[in-house]
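In what follows, chain A forms one complex with chain B and a second complex with chain C.
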Partner chain A sequence: MASLSAIKPRWRLTRRSRRALNFYAFISPWLIGFILLTLVPVAVGVWLSFTNYDGLNVNNIKWVGTAWYQRFPRDRQAVESLKLVFIWTALNTPTWLVLSFVLAFIMSKVTRFRGFFRTMWYLPSVIPVVAVAWTWRTLLNDNYGLINQAVNTIRSGTVIHFLTEEALISLTMISVWMGLGNGIVIFLAGLQDISPELEDAAAIDGAGRLSSLRYIIIPMMTPIIFFQLVQSIVFAMQMFALPLLLSPSGGAGLSTAPQKDVFLYMIYAFQQIFQRQRFGYGVALIWILFAIIIVITIVLFWSRRYWVWTEKK
Partner chain B sequence: MEKKTAKRELSRRDFLRLAGAGASGTLLSVAGLPALAQDSPTAGEASIVMMYHSNEISDGEIEQFNNDNEGITLTRIDTDITRFFAMLAAGTAPHLLRTQAPDIPQYFARDVMLNLQPYFEASGALDFDDLAAPNDYYKVVSPTEIGQGDIYGMAKDWAPDGFMWLHTGLLEAAGIALPDPATPLSEEEVAAMALEVTQKEGDRTLVTGFNTHTGFIDRFWMQMALMDGGSLFSDDFSQANVVGNEAVVDAISWFHDMMANGSMNSPLNPSVSWFGPDYANGQLAMVYTGYWFSGQLRGMATNPEEPIIGESMEAGHYQMHPMFTWKGVRKNLCVTAAGAIVTNPSFREAGADDNDAAWAAFEWFMAGAPAHGRAASGWGLPALKSLNHLIPDDTAFDQQTLAVVNAEFEHSTDVLGFNPNLAGGEPMVPGATYLNNVEAALTGELSFDDMLQLIEDETNFAIEEGMFNI
Partner chain C sequence: MAALSLDRQNVRGIGCGTGLVLITIVLFIPILWMLMLSLKTEGEYSQSALQLLPTIPQWDNYWDALTKIDFAKFMLNSLVLSLLYTVPTVITSAMAGFAFASLEGPGKRLYFGIIIAMLMIPAIVFIIPQFVIFARLRLTGSYWPWFLWGISGNAFHIFLFRQFFAGFPKELQEAAEADGASIARFFVQILLPNAKPALATSFILSFAYVWGDWFLPTIYLNADNTNLAAMLLNGYRNPQGFTITTVTMAAAVLYVLPLVIMFFLTQRWIMEGIATSGLKG
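Here is the complex of A and B:
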């Protein structure tokens, strides 16, 4: 009778392989979810952007190569809406960053009622965007809005066209208002992490509050500012729901377009897919935006060495 | 139309199915869930899925159907066109699908619908002679020939979609003599009244003259072009003709001019919400929309939180008039004909052989208790003429609207030719291009002629694409 050792398989997992196998076995629920719910849809998305898929032609899907990507620069409305995204991002991101930082700084110096103020600033962030949009639409309406009613009481017949001529400003205002809470909370956490001893030492050396802010607090906050900047740019470039909800139809049934000043790129891509059943082109537009965001993010990461403080320095 | 045969090789569709099945299977096994067998029908039972709005068929009605029809289980899922596309790609299409008239040529061209002609012929509940005119949208010879031929579906209800709703209180306040509801206004009279009743205070607009559902704007252009003897599309639907096509340009201009002079809501003078509350609250004098709006107003008037609307209803301020004549011609077509089709079994699970059960649900929805309920609700006119006696006529408002409807029937017999190469949304490509550019045209950044060119170019590009995709 053969000994047991003789029938044992020749191959044996090394300790390292066993550990790797265990590791992947333990994370497999997440891994499978990631593959099925992230990687596969992304791959299908890439594939769709090279096809003529329109939702109904499942028996006649054709490979169209890079036709949709080549169409983009010739599509006036797509290019215009992308330009608008840059304008909107340039307006929204600095406004949000500066205001969040300033308010967080003030709140870091306030000891009484800090929790109350923090809650009040954070409150708009937890209101659903649909409710926010409809509330502001009602407040800002030219003819019946509360704010224009007040303006009218001061000077009869005067209207501030918040939702039409000033749509971009209004969108920025509402978006910043909604996002301030998040910005403040993160900045506040960063500010509270700065040792008060540093400020005390600077004060002893004769630094005033402004000098302390400029030479100690802001430099030490640059990692947080960097994080917030990247997040804010990615968020702004993908802005979609709010301008659509502020549009004349309130986003209902795609039966109208947003005001031209807030006709952002993602809305155009959305229209291509859901209004025109042009899945291939709509998805291609989204991949183009994705590529632009990646490039901007890479540039930001590269620029970090010049302005973001790290302890290694 | 010749049926398309299934491909034998592994098509992309098969790939999608396999990917979907694999993904679902893995997910379920990972989650440790039991297989979905418990939800599957047992032998001899049919499980019918209906994709429809929740406010158009109630859970109670569905439960009643299931109790009355042993062996059939009907379930409703919300209407969601994206979900429908996904189900179609996965070969799990719902049996019954909510549709509108512009969908039908497109669906026919892609073989999405089951031919219901044999079922109608054998039906004891649905009779061809009893079908109201807009059901013709569901009769198809070819993608370019709608209105006759075999029947593929039915309207759930309908209405001429172009009634003029006049707010008599606002017109009287503006010193405008109230027109006779028995006589249609002309297009010039409507535009003049809209401008006259519009009230401004500096830059503020206190009362707007006119508004409509802009999602249907291209359908209205098509109707007006038809009344003028023209068409938005070439006979074979391979071309959109806008520039230089007087019948279409005049229709576009009519709405556009009202937006430009401020008598119609526009991107420069948007409504607070939509025309319903604006009209009901006395901020909008005229609405161009269908009979369904009577149901909307009835609902608003009984809302205790809106006492002003109830009072206006009592005072008779909401009055329905026939559609305006366009260049002297009187028509008022149904441009929606929302209804249902039964999907082609080749798009259902393994070509499911449950057409009879799907038909039973369809027949019940179109001729049974739900159809009676819809007829009596006042949200639309019955798709079966035999149910017309159920249209509400209790109140003065009901009687006024019913009288106008009855007189309008004879002007609602045509069907519009929707393009099989274009998606049938609200709006379609021509309307969407207009709405995307109208603000620039109103502010002068884009000339009116350039906008027309854009509409034509975009639509033709979409048609070319649609022809390639079919």
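Here is the complex of A and C:
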């Protein structure tokens, strides 16, 4: 017996280190990739924002200090684009959140064909942005588009300039259309997790449908609503592809001149880099937006204690 | 009383059903528009949008899309690029997901914290510095960056796999270890064959991501080796330089079709995968 207990600890140790070795073997592709393709670029990115790098002057890079960061508040278009990002996010996130929730709620009450509708409603999310842009650009075209031709038959001569003057509204509509599938699937999964007995019990206690929604379902859904809210805000604030490609001249991709109301911040930052070769300034602009997004995320996480329901253990 | 409540339920059922059908139709207007436009003549597009169906379906648009814009070449580019990213990313993510679900090692909590943080951190931060580094390494213009991004995996997919593997019975692994099987063998021979839903979800989401991305190909690649998305951006122009919308739409339909087919074949798994991503950490 004595010999066994003498062997056992050593055996355990090797077993544990073997396990650790296995753990590292399995995560190493990710870990090495994380260091080389995430940590190193972040460091390079911070450094770039303090230099005059223009994409070519590798042998002549100068440290410019915080010049780019000081330039931002004096750059009228950059500040204007940042304001637009807030307006656009304030328009997109609630619309998407409420619509996905309502549609998921309706769907959760349906017993037949639920899978069919879920699949159908998800389909727009499968279509890549380039095809989405072509479809909507023609659908909303001033002269040839379906809606404007319909408007024209009702009131001849009237045109709704969806892609130019109303670009922000159109962008919201299309972005919501693209995102509904995801929102619905996640909300529906959450709604199906709420036990029906809870609603039945509330109904027996005399609660109507609306009050059970208000006092049971929505509070229980707040963790998912919170998660969706954060994701949606982070997504919306980085938006750049769709508003560019939806412009009537959107076929030019990155060199498209964006519409005034959807000249979002990231479009401006990328155009500074790829059109004007101002890598330093563009990267500094991105770090400013990054900081703003992180602050918003932290505030949202902090706000959880006031409105997000947690299961008491 | 019983009859009355039955009636009310029927009415509600019909109302709900009609609502669902109406919502479906509204959501499908753009998709139907896309399909119909791809079958119209250019004249029908510019004159009669309200005539929803084409008078004579112009299947020639599809033929033109396939022959006049070198569709096959760019489709192959897209396919190679997507697979070059997708295959390694699925493998790396499955491995890391398994490690976070079932293995132990120093720093595990920290690394998993990084994964969670990466789910939230805006991707825009990495795009430009990565581009600058790849340009210095003279890898822009090639498909190397996609392969390297693939090998390094993806936080969302790692999370997906972790959730999936965490649901596996622990006894399975213990039994395999008792039998003297190595962890690698257990992973390859027992775990992976039972992880088809997670593998399919990860594969299709990664594939669709590269297939749909026009931005990175635009900044990294050139007019010749770029993908279908970046090429379609401009649309089809006839030799006179005019954009032919209907042929472009036919090309767009052909471009979207593989994704839609893949989605329909695996939608049950994908729905589960997406639902998993909605918290429940």
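The criterion applied here is as follows: the second predicted complex is superposed on the first by the 281 of 313 C-alpha atoms of A that agree within 3 Å, B and C clash if a C-alpha of one lies under 4 Å from a C-alpha of the other, contacts with A are read in each partner's own complex, and residues count from 1 in each chain.
Quick note on the criterion: a contact is a pair of C-beta atoms (placed from the backbone, for glycine too) under 8 Å apart; a residue touches a chain by one contact, two chains touch by 3 or more.
Computed from a predicted model, the values in this text were never measured in an experiment.
Asks: Report for A:L31: first if it touches chain B alone, second if chain C alone, otherwise both or neither.
Replies: A:L31 contacts chain C only, not chain B.
Asks: Among the partners chain B and chain C, which is in contact with a greater number of residues of chain A?
Replies: C
Asks: Can A:A257 be said to touch chain B (first), chain C (second), both, or neither?
Replies: first
Asks: Just to be sure I read the superposition right, which of the two partners does A:V58 touch: chain B = first, chain C = second, or both, or neither?
Replies: It touches chain B and chain C both.
Asks: After superposition on the shared chain, which partner residues are touched by A:N143: those of chain B (first), chain C (second), both, or neither?
Replies: A:N143 sits against chain B and chain C alike.
Asks: With both complexes overlaid on chain A, does A:F274 touch chain B (first), chain C (second), both or neither?
Replies: Both partners, chain B and chain C.
Asks: A:V40 contacts which: chain B (first), chain C (second), both, neither?
Replies: In the superposition, A:V40 touches chain B and chain C alike.
Asks: Go through the superposed model and pick first if A:T119 touches only chain B, second if only chain C, both, or neither.
Replies: A:T119 contacts chain C only, not chain B.
Asks: Is A:P243 contacted by the first partner chain B, the second partner chain C, both or neither?
Replies: neither
Asks: Under the contact rule defined above, give the chain A residues that sit at the interface with chain B and also at the interface with chain C.
Replies: Looking at chain A, the two contact sets intersect at 29, 32-33, 36, 40, 44, 55, 58, 138, 143-145, 148, 250, 252-254, 274.
Asks: Can you list the chain B residues touching chain A in their complex?
Replies: Touching chain A from chain B are residues 4, 6-7, 11-13, 16, 19, 23, 26-27, 30, 81-82, 84-85, 88-89, 106-107, 110-112, 201-206, 213-215, 265-274, 283, 347, 423, 425-427, 429, 432, 435-436, 439-440, 462, 465-466, 468-470.
Asks: Under the stated contact criterion, what part of chain C meets chain A in this complex?
Replies: Against chain A, the touching part of chain C is residues 16-17, 19-20, 23-24, 27-31, 33-34, 37, 45-50, 88, 91-93, 95-96, 98-100, 103-106, 108, 111, 114, 118, 120, 122-126, 128-130, 132-133, 135-136, 148-149, 151-153, 158, 183-184, 187, 208, 211-215, 218-219, 229-230, 232-235, 243, 245, 248-249, 252-253, 255-256, 259-260, 263-264, 267-268, 271, 274-275, 277-279.
Asks: Okay, in this complex, where on chain A does chain C touch?
Replies: Checking each residue of chain A against chain C gives 16, 19-27, 29-34, 36-38, 40-42, 44-45, 48, 53, 55, 58, 103, 106-107, 109-110, 113, 115, 117-124, 126-132, 134-136, 138-139, 143-146, 148-150, 153, 177, 180, 182, 185-190, 223-224, 227-228, 230-231, 234, 237-238, 241, 245, 250-254, 266, 269, 273-274, 279, 282-283, 286-287, 289-290, 293, 297.
Asks: Taking the touch rule as given, give the residues of chain A at its contact with chain B in the complex, in rising order.
Replies: Chain A residues touching chain B: 28-29, 32-33, 36, 40, 44, 51-52, 54-62, 77, 137-138, 141-145, 148, 152, 156-159, 161, 163-164, 247-250, 252-257, 259-260, 263, 271, 274-278.
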